[in-house]
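Here is the structure we will look at, set down as C-alpha cells.
Just so it is clear, A, B and C label the chains in written order, and each chain counts residues from 1 on its own.
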Amino acid sequence: MNRGGLSLSELTAAIVERSEGRLRAVLQGDSSRRISSVAPLATAAASDLAFLANPRYRREAQASRAGAIVLAPRDAEALQQGQPSGSTFIVVDAPYAWFAMAAQVLHPTTDAARGIHSQAQVDATAAVDPTASVGAGTFVGAGARLGAGVILDAGAHVGARVVIGAATRLFPRAVVLDDCTVGERCIVHSGVVIGADGFGFAPLDGRWLKIPQLGRVIIGDDVEIGANTTIDRGTMGDTIVESGVKLDNQIQIGHNCFVGAHTVIAGCVGIAGSARIGRNCMIGGAAGIAGHLAIADGTIIGPATVVSGSIDKAGHYTGFFPIMKQREWEKAAAIIRQLDDLRRRIRELEAAARGEGK
Amino acid sequence: MNRGGLSLSELTAAIVERSEGRLRAVLQGDSSRRISSVAPLATAAASDLAFLANPRYRREAQASRAGAIVLAPRDAEALQQGQPSGSTFIVVDAPYAWFAMAAQVLHPTTDAARGIHSQAQVDATAAVDPTASVGAGTFVGAGARLGAGVILDAGAHVGARVVIGAATRLFPRAVVLDDCTVGERCIVHSGVVIGADGFGFAPLDGRWLKIPQLGRVIIGDDVEIGANTTIDRGTMGDTIVESGVKLDNQIQIGHNCFVGAHTVIAGCVGIAGSARIGRNCMIGGAAGIAGHLAIADGTIIGPATVVSGSIDKAGHYTGFFPIMKQREWEKAAAIIRQLDDLRRRIRELEAAARGEGK
Amino acid sequence: MNRGGLSLSELTAAIVERSEGRLRAVLQGDSSRRISSVAPLATAAASDLAFLANPRYRREAQASRAGAIVLAPRDAEALQQGQPSGSTFIVVDAPYAWFAMAAQVLHPTTDAARGIHSQAQVDATAAVDPTASVGAGTFVGAGARLGAGVILDAGAHVGARVVIGAATRLFPRAVVLDDCTVGERCIVHSGVVIGADGFGFAPLDGRWLKIPQLGRVIIGDDVEIGANTTIDRGTMGDTIVESGVKLDNQIQIGHNCFVGAHTVIAGCVGIAGSARIGRNCMIGGAAGIAGHLAIADGTIIGPATVVSGSIDKAGHYTGFFPIMKQREWEKAAAIIRQLDDLRRRIRELEAAARGEGK
C-alpha cells in the first residue's frame, strides 16, 4: 500500500502516463485531496477511491463517504442533479479501467528480495538475471533462463530449458515443466502446471500405448494463469496461449490447443486437445470445449456450456439445463427422454388436423 | 490405530464425554467385548465395530461377524426378530454420528513431531507456538502466526502475515498465501490454494487491465478443505468461509464469496465471484454457481446443476440433462433446438381445435 | 531425442521386439532411410516419421515430405493409385499404435541422475532402490519403498509406508500420501494428490462430524495420472485403480471408487464415492458420475454427461444440453420448465381428436 497516498491531481497525472494518454479524466472537486487506498462505495472513507460502473448503484454512490468516485459522464450528470455529494468526482469514459490503474498505482506489488535464496536449487547452467528473485525451495533446471525482474516465489519449479520473460512472477508452488516458454509480465498462480504431458494413447489389443508428448507450451506476454490451472504440452507441435490471455482457476487446456490473444476464460473450463479458440473471446465458467474445433474471434460462450462443434460466426452462445425444483426437474428429465415421442404425436395431430380439413 | 482396543463400555463412555452428552447409546450384549477398529458390515471381524444406517442393509447386518454394530432403535428391533446375531448392538438415535466418533476414538491421528524441521524455512518474525509441528520443506513467511498444535506437513506454504489457528493441519504442499486467516481445528488438504488473486480485469481498447486483488480469505473454525480446492482472495473486501463448512476436492470459490456456516459442498463445484451461499446448505458435485447471487440457508442443490440466479426460498433444486443412449440423445438434442417451433405448433393445433369447436 | 536416428529396417525390427511380435509392418520403399524424429504430415521433413490414421487426411499424406509414413493397408493402396509419393510407406494394421511405439523408440525418456539428491528429505527407514532417482526437495516418509528405476522429480512427496513400483515416475510436486501404493511403470504428473481424505461426515445437531478415512489408494501397473488429478483414500476399504488405466488432468475420484483395468477417463471428470467403473470403459471429458453405482465393462460415456444411475449394459451414452444462440437458449430453457404443461396439452389435443373421431 502506498502509505502516504497521492493527491488526486498526482493520481490522474500518473494514470495519464501509465495509460500512455488513453485514460484522461476530468476532476470535479478538490484535486488536492489525498487518496491512499481503494474501497467499495459502501465502506469507503475519505482517503479512499471508489468507483461507479453501473447506474444501478447511483444511490450508493450518492451516499458514499469516499474521498473520490470514478464514474462515467452520464452518471456524474445524474448524481449532480441529486443531493450534493461529499465526494470528488473523477469523470472518465472508462471508469472501471481508470479505477484498475488507480488501484495498481496505489497498491504497487511489494518488492521481492533480489537474488537467489540459499535454499533454492538452481542448475549451474541456468541463466538468472541479477535482478531476478529466486525464493526458498525453488527449482531451476539446466539451461533455464530467467529474465529481468522475474520473481519465483517459494517452491516454484522451472524445468530444464524453460524461458521465463522479464517481470513475470511465479507464485508459490507453480510449476513450469521442461522446454516451455512464458512471456513477459505474466502472473502464474500457485498450483499451476504448465507443460504436463498431453493425453494421447493408441489402442492395441485392449491396452493403451502412450504417444510421447514432444511439443512445448508457449505462453505470450501479459498472460495471467489462475491457481491450479493446467496447460498440457503439445504432442508434436506446441500448445499456444497468446499474449493478453487471462485464465481463471482450475482450467484445463489440452495438448496442441491455441488460445488467441486477449481471450478471457473463467474458472473450471475444460478445453480438449487441438481446439482453436479465437482472439478476444469470453468463455464462461465451467464451459467445456471439445477437441479439434475452431471458435471464431470475439465469440462469447455462456457458463457451463458444451461447445461440441466449431463456431464460425462470432456471437453469444449458451446451453445449460435450467435449474428447477427437484420434483419438477424429475418430470422434465423424464419428458426429455420422450421428446421424440412427443414430436411424433404432434405430427400425428397435425396430420389428423390436415386430414379433417380436407 | 488403538492397538489394544477398548471395551464397549469404555468406548460408549468415551463418546458420551466427547459428544458432551449428546450421544448416549444403549448396549445390548457383551459390554466387555474389546473393539480395536472399524470395518464395513461385510468384512468386519470380532474386534471390529460396524454400523447400520440404512434399513436396506439389515440382512448384511444379520450376517455380519462384527464384534459390535451401531444401529438405530427400529433396526435393532427388526434384527432381534430375526435369527440371533453374534454381534453386540449399540442402539442410538444417530448411529452414523456415533460411529464417526467411535472411529475418531479408535483411530486417533498420529502425532507429528513437535518443533521446526531443520529444512523448514521460517521467517524470523513469524510466531510459531512451541507445540506446533513445522515439517521439512515448509515455508512460513514474515509475521505469520501458528497456533498451538498446528501441523504443517512437508512442503506446506504459509505466507506473510497468515494466521493459522490452534490444532489446524496443512497437509503436504497445501498453500495459504499472504494475509489470509485459517481458524482452529481446520484440515487443509494437499494442493489447496487459499488466497490466490481473484479474477478481475477491466477492459480497455480490447485489452484487459488487472484489478489488484487486495482483500483476504478468512476461514472459520472446524473447516475442512479438500485436495486441490482453490479459494481466491477478495478484490477489496474479503472472501469468507464460515465455521463448520466442509469442502470436497477441486472446488473453486471466487473472490468475495461468502459460504455460510456448516454448509457442505461436494467435489468439482465452481462458485463465481461475490456469490453468497447460505448456512447449512448442501451443494452437489460439479454444480456451478453464478456470481453476485444469494442462496437461502438450508438450500439443497443437486449435482451438476447451474444456479444462475438467487434462490430466496430453501428447497431442493436440480437441473441437469438426463443421460440417454447416444442416438436417442442426438434426437433429443435436435428437438430441444426446435422446442420453440414445437410449442408454436401445439398452439396452432389448440387454436384449430378451438376453432373447430365453435 | 535419438540424435543419430535409426534406419527404417532397424526401427521396424525394434518395434517387432518391443511389441513382442504384435506389430509387424511391411516396408514399401527405402528401408535404409534414416529417421530421427516424428512429426505431423504437414510439417514432416525427410528425417521424420509421420502417420495417417484417418482416410480424410490422404491428400495431406500424398503431399507430405515425411521420410516415412505409417498407414493402414487400405490407405496405402489408395495412395499408390495417386501420384507417386516421395515417402516410404510402413504398412501395418494398427498404424497409430505402431507410430506410438516408434515415437517411444525415437524419443526415449532422458535418464535422471541415479541416487538421492543432497536436498532430498528421505527417512532413514525408507527403502530406496539404488537405481532410483530421488530429486531435490523431495520427501520420502518412514517405511516407504521405492523400486528399481523409480524417478521422483523435484519436490515430489512420498508419504510414510508408501510403495512405489519399479520404473514409476512422479513428476515435480506430485503427492502420494501415507500408506498408498502405486504400481510399476506408472506416470504421476505434477500436482496430482493420491490419498487425501475422502469426503465423509455424519450429521449431528446441524454440524458435521468427520468420519476418519482409514483406507488406502491402490494403483495398478502402467497407470498414467494427469496433472492436478486427485484420488481419495477409502473410508474403510481401499480406493482401487486397476492396471492400464489412463486418467487425464483435473479428474476427481472419490473414496472407495473402483476403476477397472484399461479404462480411459478424459479431463475434468468427477466421480463420487463408491462408484464402480468397469474395465475398458471410455469416459468423456467433464462427465460426472454419481456415487454408489456401477458401470458395465466397455461402456462409453459422452462428454459432460451426468451418470446418475448404474449402467448395466455396455453402450454409448450421452446427455448434455446442446449449445444454441443465447436468445434461442433462453427460449428453450423457458420451455423446458413448461414441458410438463406441453405434454398435458398434447394429451388434451389427442383426447379431443379421439373424441371428435367418434
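Operating definition for what follows: contacts are C-beta pairs under 8 Å (C-beta built on N, C-alpha and C of every residue); 3 or more make two chains touch, one makes a residue touch a chain.
Given the structure is predicted, the values throughout are model-derived calculations rather than measurements.
Rounded to a multiple of 5, the Cα-based rotation taking subunit A onto subunit C is 120 degrees. By the residue-number overlap criterion, the interface of subunit B with subunit C counts as different, with under half of its numbers used by both chains.
Rounded to whole angstrom units, the spacing between the C-alpha centres of subunit B and subunit C is 27. Looking at subunit C, residues 119, 137, 155, 173, 191, 228, 250, 268, 320-322, 324, 336, 342, 346, 349, 353, 356 sit in touch with two or more other chains.
Residues 119, 121, 137, 139, 155, 157, 159, 173, 175, 177, 191, 193, 196-197, 199, 201-212, 214, 228, 230, 232, 236-237, 250, 252, 254, 268, 270, 272, 288, 290, 300-302, 305-308, 315-322, 324, 328, 331-332, 335-336, 338, 342, 345-346, 349, 352-353, 356 of subunit A are the ones touching subunit C in the complex.
Partner subunit C is touched in their complex by these residues of subunit B: 19, 22-23, 37-40, 43, 94, 96-97, 99-101, 103-104, 107, 119, 136-137, 154-155, 171-173, 187, 189-191, 222, 224, 226-228, 244, 246, 248-250, 262, 264, 266-268, 280, 285-286, 303-304, 320-326, 329-330, 333-334, 336-337, 339-340, 342-343, 346, 349-350, 353, 356.
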